[in-house]
């Protein structure tokens, strides 16, 4: 029993380690069943609703796939064709789309200080309407990326590391470098690095966060990473260069993000509708970025890692030098070598999402999985 | 047997009272099954297609939920990405999207004199193609709001009143005030008030319609309300003020709409592409609206109702003063008190839609519902 | 065994006649089952993904219907809301949306020299990811119209002719006129005429291609038509006028398309972003088109056909004179007479697509169809 039943999954640090293990175990069990051609359908009918307030391909399809695997029909709330623009409140809309909905997946990662708040608002509205008997069930809210965390990504990354190293216990003492990397873009969310440092420190990993001056993360998440490292017997340190962070690393996660202060200022300017100042901010931010073009994960940089052969991981899409841009997060040689592994990393996400649905919607998810395995209905006629 | 089998549901006044009762009973039975965790899936495969020519959140999700409850996969005909713009006729398109479709839900409420005509055109095309053997089944057309009626809304409202007063028979003699209310917007359809006065008069209610001078409804619907009131032993009157209409009312439905003449002129100007005149029309209409800001459902107004405690109902979203606008249809205090009840009111719509699908697609819907209850397959693994 | 298992279906000429026969037979069997109310559901869960890089109504719904008939949930990759714009490669995206996907349908017909290449790129990416164990199954890529071929259209047309003439064998010696026809538009793809001449020549038909000077098709497809006609005992000739092509024809397919050279130049200018030159090109192309307004399929033209009563076929939507334009591909009288037959022609497409899914996804599709027939589960509760 994980405490997830009839609840939400917004931030990994709101849940204990046992719960996170249960997510991994359930995801693995579902993936095994699916690969074995066994149906994982647990819903006859029901909706899986997604709300994407930012672009998405892989998380959108992971959500749709995860829902479909369990038998839910997916729908996407398109805020441009709905009446939300007509002055509707979040509270009301959440209920209106929740009558036969089992799960609501939300991506809201653009505005720092907003995304998580919005997700909690939706969850509170659904909880109220369920408590008052308006909704016959309490749809779970699943965070598909907020300003604070990107749990379906970090848990998929964790599942990948478990697979790479042969077990969750094997992660103890392994060094992971979560490093800022250069990208010719601006405004990338902080949720991935924040999600990684707060999750990987819970399993005894030696996590090093590296970034140029001024590119710090939201302080709350750094504090949590420090505390979790202490509790799990791992470590958490901050380094000033990618090279330092990579030293002896088993895993490297080089990725661009925007400084938290830039993101906060951007939120303020967007709200105020100050277009000229937004352009100034973008220009300045790109100029600052450009000072750190040497934060590229290339073969020279990789040589410093454990046996020169650290596992490169990334949430995708990566900004690959000479492929998607002139200078980016990773060189073509390093990326191409790891490419199929990054696909494997991503392949866990539909099952992580399906696991979160099972754990939030069923009182005894283990029993449900066991029954699926026992009945072994084929996923398609054979 | 209701006469709905293999037909459409466009306007409530095209159907007799027994048919409307059957819709309510079927919706209630489906809701009971769903709340009891029993599967209502009656289709193995099949499409539920929607065409929204105006914004929608709640009706769109009610349609999707109702289809999903019965096992239909939903699709939405997006006129911006389809080839309809390439000169395709309605007749042809209706058939092209109808090959494996069980139901077509249409919202077309913007142009007075157009929406209902379009829905009948689609229905006639489907009927022809079925008659000629092109379509293997005759998809039902369900009106999700036209210029004349909004039957899934008014029937959901009726189901709510039945629940509030404890039975359809209990509505006899109850006074309902369908009153215009101020909103800082222009061009809201007439279909809700028209739907309400033509439906509630059929069950013996004392219906009062109130609006400022010039805000009359389409005459045909007012005549029908008058006739239905006579037949059912209720009454239908027109009042000049919200206050007069609210006097002793059991139920109040304060809602903004545009004058029919403004809507007709708007249709003409939109067709002629006269942008400047459209702006003039909007300016004039808003100025006229602004003369009636005192048509607000507030606590003072509510005191005149039966025991000062009439049931406030609304199709949502309401324009709430100090919440979604500076001055609107209803004060914050009145709305907040009734808020969860308006959610309950809305909660019937998915089941009304599912009931309409059952009644149009099955020769013996009662038998179908009884069988679902008897088999009692769980809606999800338990 | 057709060789389609775990493969793709991009161009009809990549497959032998036995395979094409199997597609027709499977489609017919599925249509018979569906018309008999028998469920054709073979997937418990799974996704059917579509990518439309051009407008579509009928093919989009045929794909959705075909997927739904077999039990797949459909999703559409919307390139405007996905992160593809962020520099993502085709290879990566294909895998990311493929984890639980059984079939990917693609329309990419605007750029001559591009569409087929893109489809092969997606297929290669899926094949690699499957080979490497990233994907647990190999999703089939189905061509929903490329620059070269439109196989689901031409096969539906073929199924229609089989039905009209009473068998595939009956097509031998029947004369089909694939003729260019005037339309007041520019840039229509070549894939339909190319698909028709390369497919119908394989079954012994006497195919005549007619077009004004300069409106030739991609040479490769003309060569294939010539070769296929030789192999099947039919014939393939090119005529200079619609009248000549119609002489004694059993079937006429009058349809507008753009000259291949114009399409190539358009592709070049679009890529170079040369807007002024694109306008010049369009003006010139329309002026050239206008010289051939007499290429209209009207009653005078039809009198030259076999007994004055050739079967008129069209992929729809047709440009009908005095209906969708002042002067078009076909006169109102001819079109109206054939209208319901063109609907029948189109009605085969969902089943052709479902057949292609069955043949690509199942090792023994005949056995699957036989089992569906034997089990005869109802498509809906009865």
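Here the chain labels run A, B and C in written order, and each chain numbers its own residues starting at 1.
By definition in this document, contacts are C-beta pairs under 8 Å (C-beta built on N, C-alpha and C of every residue); 3 or more make two chains touch, one makes a residue touch a chain.
Keep in mind that what you see is a predicted model, and the values were worked out from it rather than measured.
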item: Rigid-body rotation angle, chain C and chain B, from Cα fit (steps of 5°); value: 120
item: Copy pair chain A, chain C: interface residue numbering same or different (half cut); value: different
item: Interchain centroid distance [CA atoms averaged], chain A/chain C, Å; value: 40
item: Multi-chain contact residues (two or more partners), chain C; value: 71, 73
item: Of chain C, residues touching chain B in the complex; value: 34-35, 39-41, 52, 55-58, 60-62, 64-65, 68-71, 73-74, 316-317, 319, 323-325, 339-340, 343-344, 346-347, 350, 377-381
item: Chain B - residues contacting chain C, complex; value: 42-47, 71, 73, 75, 77, 81-89, 92-93, 95-97, 99-101, 129, 132-136, 361-362, 368, 371
